[in-house]
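Once you've had a glance at the structure underneath, I'll fire off some questions.
First chain written, first letter: the chains are A, B, C and D, and each begins at residue 1.
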């Protein structure tokens, strides 16, 4: 699905996010200020009506935005989410969810990011959430 | 820990949120526009450095805010998150996380909510995230 | 600048917003879920360093998003801002500021909106702020 | 109204914000991570129904949060708003509006802030808006 291979340090960082494994999420692409994450609607990620919990759309949207930001930094840097806001447009119902994160402005101290989360049912795609937030580049933990 | 028992319809709604079970979260209290949810730092909820993923603080903060709003509605109603924003103050490190949601303004069409997430390590408590958002009362799915 | 004339009820509503006159702002276009507002950097709208105050970018961004939402409603309805969030990307310096609002999802009870604010200096354009929020359709005041 | 005099560098910074003069706003207090700004409902700050425009509550809330953050920094520093979100609870109707900003977490690189805006009519007080955001300490412009 990805146009070019994911840089090993981005994939390694993603693989250490155990929340992504819990969500069954995979990193589809991450390069040039843009990243895509996909996750299915698993039994263990639901709200009280059986749709995906807001934390699912939030989680893959936040991580997609984070890897979008990280893709613009030299290897060895990290990013942390300073803040992020989600508007939920429709219940998270579908076979798969796909979050696309993008960098709106890359800065030395702060990067402003956006993400969009789409529900995929067969071949139908429906936007279910949009996010807007701030990532902070940090030095890696020693 | 709760001052009075949780109303059965609130507990039943919480128990249907499989995301809360995945997070190992429990509903500590929910009454009078205020709700508390607790969750441990389990192996499967982490970001790349081993701290809790932003989706953990978000998820329990969002649900605490939602049950705070739901506690003010007559039984049989439901709430959905329209939007919510999280500021992350410190890495989510600790033995437990406790999210306290509160209703700032209850409305017929919209309820404005806030939540605070605290990390608990032994007897020490540290605020790691604050949330502000909007819940929408909805009729239950048929 | 507008491709087609602004509907009289949208222009009349804008003209009642005295804040827009205070900002020297004009409604450039408003149709089909999209609206554009322009304002100069006047002496009375600045922060402590001489750039436009955050309330200027916020104000024209919020109103552009509101008229984008209103452009999709039948005449006689109104919208109110329920909540909106702004990320400021760069200081508000320029000859003019142009806010473009768009509807991401139009709903019966809530409309989700975005706006972008661009600073224009001569022919150069620079995005200085992005907004994401929620408009609520309301019945007009009697 | 203030418990102790406002530090001259905070008052001087406020006085350079021409937007505050345009809003008829005064800095009531600013010390120890907390600041209060007051403004009347003037003719030139309204939305289409005659209530205060969202940019008024936003503007005094944002500045109150900013001076709350600045009150904790050594003289000569400045702060910029990175992002801020407002939830509007009720129409901005009243004789006066009072915004109280507070620092939730002061950091070297980012400060997380909140503000509450109250409408005052005679002796009645009603919360009309709450804000949550991020301030960035910056070196002063040369």
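Please note the rule applied: a contact is a pair of C-beta atoms (placed from the backbone, for glycine too) under 8 Å apart; a residue touches a chain by one contact, two chains touch by 3 or more.
Worth saying up front: this structure is predicted, and the values here are computed from it rather than measured.
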Study note, to complete from the structure: Computed over C-alpha atoms, the centroid farthest from that of chain A is that of chain D
Point to revise | Chain pair showing more contacts of the two, A-D and A-C | key: A-C
Review point. What is the distance in Å between the mean C-alpha positions of chain A and chain B?
Key: 21
Revision key, fill the gap. Whole-angstrom distance, CA centroid of chain A to CA centroid of chain D, is 34
Review point. Just how far, in Å, is the C-alpha centre of chain C from the one of chain A?
Key: 29
**Study point:** Overlap residues in chain D, where contacts from two or more other chains coincide
**Key:** 82-83, 85, 87, 112, 133-134
**Study point:** Residues of chain C touching chain A in the complex
**Key:** 85, 87, 89-90, 104-105, 112, 114, 127, 130, 132-134
Revision key, fill the gap. The answer for chain D against chain C in the complex is residues 13-14, 16-19, 21-22, 43-50, 53-56, 58-59, 62-63, 78, 80-88, 91, 141
Study note, to complete from the structure: The chain D residues in contact with chain A across the complex are 82-83, 85, 109-110, 112, 133-134, 136
